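Heads up, the next two complexes both have chain A, just with different partners, chain B and then chain C.
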Partner chain A sequence: MAKCSLCGAPAVAEVRYARLRLCREHFLEFVERKVERAVREHHMIRRGEKVVAAISGGKDSATLAGVLARLRERLGFGLVLAHIDLGIGEYSVRSRRASERLADELGLPLLVLSVEELLGDGVPRLAMKARRPACSVCGIVKRYLLNALAIEARADRVATGHNADDIAAYALKAFLTQNLEDLRKQKPATPSIEGLAVSRVKPLYSVYEKESYLYALLRGLPFYHEECPHARLTSLDFHLKEMINKLESRHPGIKLQLVRGLARNADRYPGEDWEPVPCRHCGLISYGGECSFCRLTSRVKGEPLGGKVRGKIRSLIEGSHI
Partner chain B sequence: MAKCSLCGAPAVAEVRYARLRLCREHFLEFVERKVERAVREHHMIRRGEKVVAAISGGKDSATLAGVLARLRERLGFGLVLAHIDLGIGEYSVRSRRASERLADELGLPLLVLSVEELLGDGVPRLAMKARRPACSVCGIVKRYLLNALAIEARADRVATGHNADDIAAYALKAFLTQNLEDLRKQKPATPSIEGLAVSRVKPLYSVYEKESYLYALLRGLPFYHEECPHARLTSLDFHLKEMINKLESRHPGIKLQLVRGLARNADRYPGEDWEPVPCRHCGLISYGGECSFCRLTSRVKGEPLGGKVRGKIRSLIEGSHI
Partner chain C sequence: MARVTVRMLPGGETRTVEAERVSDLIRSLGLDDESYVILRDGKPLLPGDRLRDGETIVVVRVLSGG
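And now, the complex of A and B:
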């Protein structure tokens, strides 16, 4: 039986790019240190800040919340969890339940925003009415609600659970299609823009998908292991993930080299930095005067709903004492 | 039996990304048009210019010379072939012979530069003496000799046979390792620098390796089908070519999209443009005052040989009436 390279206990994981076999304890520590290094290196969180961790209910959210909960004392930040209930039938019910169990398990406050309650429709119906792909509408809604929540809660950061596989596949697609602007977006941390947008950080950007999965399992963190029924990976996305993992198995560490290089280089890729301006309806970030959430709700609901939604979120936060 | 999509004759090739099956005539025309488009789009060759096509004796050289020979009347340029005999035993003997047969077949003048005659040693011995990898020494020597030859022959362009597969694999490696400077080099045409360097162009940059191979075969052009014994593809290079081709088979056209995108974007990648200055020994291009050829020969031969080599090449050209 393979033994831990560090202590000789039975190994539960092989980390080929680091030439290590690790026991449960040392594997958990390995992941936590990797995240801590990422947080420090990219100044993702400073002492005294308030962090909202966006959790979907899946394995990456579980690992994100689990690791941040452990780092928060040493790094000295406050942590609350936020879950967006997208209103996608059974999938959303189970995702929400997993998020609630995760918050319980970690003893962290959780704020749930329900798209149906806030907008009268879940994501699938919004998408149908907008005649747009569900994933695109979902992206607009999630991004808006998380930012609005962080603004209203006076948080300093929104942390998301994007892992190294997500980032590598996205970047490789952007490279193959030579969409350089998308490569600029590969920053592990974006800055806050006073009153308009709260800084977004990706503490797991250098954690492999299978490391994230194993971490959540070994810590016994609750998560819901299903893909969203709407999330049909286009076959290119799927083939790219497969390809990178095959390359990784032959050249251990190449995925890490890519995501770390991207983090270092993101600002160097060419592209225009658009000037953000307040949305004329809701006051949050927009490029051109109308944010995509207000544009979407104008189209689907007959009026821009950003302002009203911000008000509802404010009441929710006040009621929750977060 | 599959038929040509254009004329109904028996097809010899399927070009999946263009959704075409083509007969011999239409395939040859397809490749020639692709090269012509590349030449025009990137201003690789202007009317009245003199082009030196660098030929190794392999399939890509054969296709390069074969297509340029056909384009030269319509586009109005002069064409000579140049072969560097690297002094790598039997491989070089056969490569040189293939180059001579190619020149004969196409009725084009050929100038052969022998590394052994010019420097007293072939590439393997130079590399051994310099204690550097053969491929790195070979690159320095070939680049220098071709540029010196073009300068002395008052040529306007040096054309090389790099195909789309070469370029895609090179670029993907640069991307995965986030070596952005290497991505800047992916230009299909570099400009001449008066007196220092002659413009380099890659007319086959959008031609797939298998298209280049089939073109040479179908035109009956002589070529030598062996890898250089020193050219051990590192396994990463090999896996990357394999990977791109697998991706291409599932997403026809993705390789083309990449190389065309790179050609468009090369200048947009970040990096410093070093100021070229004349080498203090030979007067040709250097970055910092001493060219890598003079540095190499100083080390291996006890003196910088750029100047002498230029003189010998000048005499050769005068003797050959090219």
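And now, the complex of A and C:
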């Protein structure tokens, strides 16, 4: 049995790029310090701010909420959790349950937004009606609802659980396809735009996917570890993750170098030419006057639903402790 | 050499593998150490740990798909 490099207790994790073997306590501390460093270095959260952590019910959400819950006193910020129930059958039922258990375990307030309740259809049916891939509809709906929720709750930040593997794969894809604007989007913190969009931050951007799984597991946090039925293990994104990890096995630390480098350099890549303007239907961020959520709902539901959905979210918030 | 039952997650597929240590198990399944966590009774094992004959080991793919 291997021993912890710091205290000699039995090791449960090996961090090859740092040449460390760590016991449970020291591993948890290692991940928490890594996140704290990232949050401070990129000014992701300032004292007195209100943070909405978006949680899906998976391991990254558990780690995100678990670490932020521990950092919130030292850094002095308020924390609430938000879960979007996508209406993807059993997968969504279990994800929602895991999110509720996580909130209970951490003693944090949770707001659940159900796509079915808000729009009358879950993501798969919306996608079918829109004749678009489920994952692209899912992306539009999630992004919109989280931003609307954060605006209505007067939050300063939306934190998401993107880990280093997600970001490295996304960055490599952006490079391979030469969509260099996508590299710029991988900033650990984007600024708020008054009344239009709330700042988005990625506190786990330097935490490896394996570290994120181990953190949630070793802290005993509730999470649901199944694949969304729409995810494809044959996708380019998944192959890129595997490829980067094969490289990481032979060159420990290369993934960390990529995500930390990108965090510093993201602004040096080209940005969009479009200036953000309020959506003429709902007032939230759009490029060109109509947001992608209002465009999607016009097509599927016969009318742009952004404004109505914002109203429903506002009354949900008023009836909660958030 | 230990003969172990391996349960793969997510999915739950099982198979039998002969290996001495966790690192041999990972190699014989054609996996890489960065993308998988190996568990015995819910506790993570390290590559150098020895396997026990007849035990059941859980291999978790930690990478989520795209």
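What we mean here is this: the second predicted complex is superposed on the first by the 316 of 322 C-alpha atoms of A that agree within 3 Å, B and C clash if a C-alpha of one lies under 4 Å from a C-alpha of the other, contacts with A are read in each partner's own complex, and residues count from 1 in each chain.
Here is the rule we use: a contact is a pair of C-beta atoms (placed from the backbone, for glycine too) under 8 Å apart; a residue touches a chain by one contact, two chains touch by 3 or more.
Just so it is clear, the model here is predicted, and its values are computed rather than measured.
In the overlay built on the shared chain, the residue A:Glu209 is in contact with chain C alone; chain B does not reach it. Once chain A of one complex is fitted onto chain A of the other, the partner contacts of A:Lys246 extend to both chain B and chain C. Touch criterion met: A:Asp165 reaches chain C, while chain B stays clear of it.
When the two complexes are overlaid on their common chain A, residue A:Arg154 makes contact with neither chain B nor chain C. Look at A:Arg74: by the touch rule set out above, it reaches neither chain B nor chain C. In the superposition on chain A, no contact is made by A:Arg47 with either chain B or chain C. Counting the residues of chain A that each partner touches, chain B and chain C differ, and the larger count belongs to C.
When the two structures are aligned on the shared chain, A:Leu176 is found in touch with chain B, with no touch to chain C. After overlaying the two complexes on the shared chain, residue contacts for A:Ser235 are found with chain B and with chain C alike. In the superposed model, A:Lys59 lies in contact with chain C only, and not with chain B.
Taken together, the two structures place residues 235-236, 246 of chain A in contact with chain B in one case and with chain C in the other.
Those residues of chain A whose C-beta lies close enough to touch chain C in the complex are 1-2, 11-14, 21, 58-59, 165, 169, 208-210, 212-214, 217-218, 225-228, 231-233, 235-238, 241-242, 245-246, 248-249.
Those residues of chain B lying in contact with chain A across their complex are 172, 175-178, 180, 235-236, 239-240, 243, 246-247, 250-251, 254, 257-258, 260-262, 264-265, 268-270.
Those residues of chain C lying in contact with chain A across their complex are 9-10, 32-37, 42-44, 46-49, 60, 62-66.
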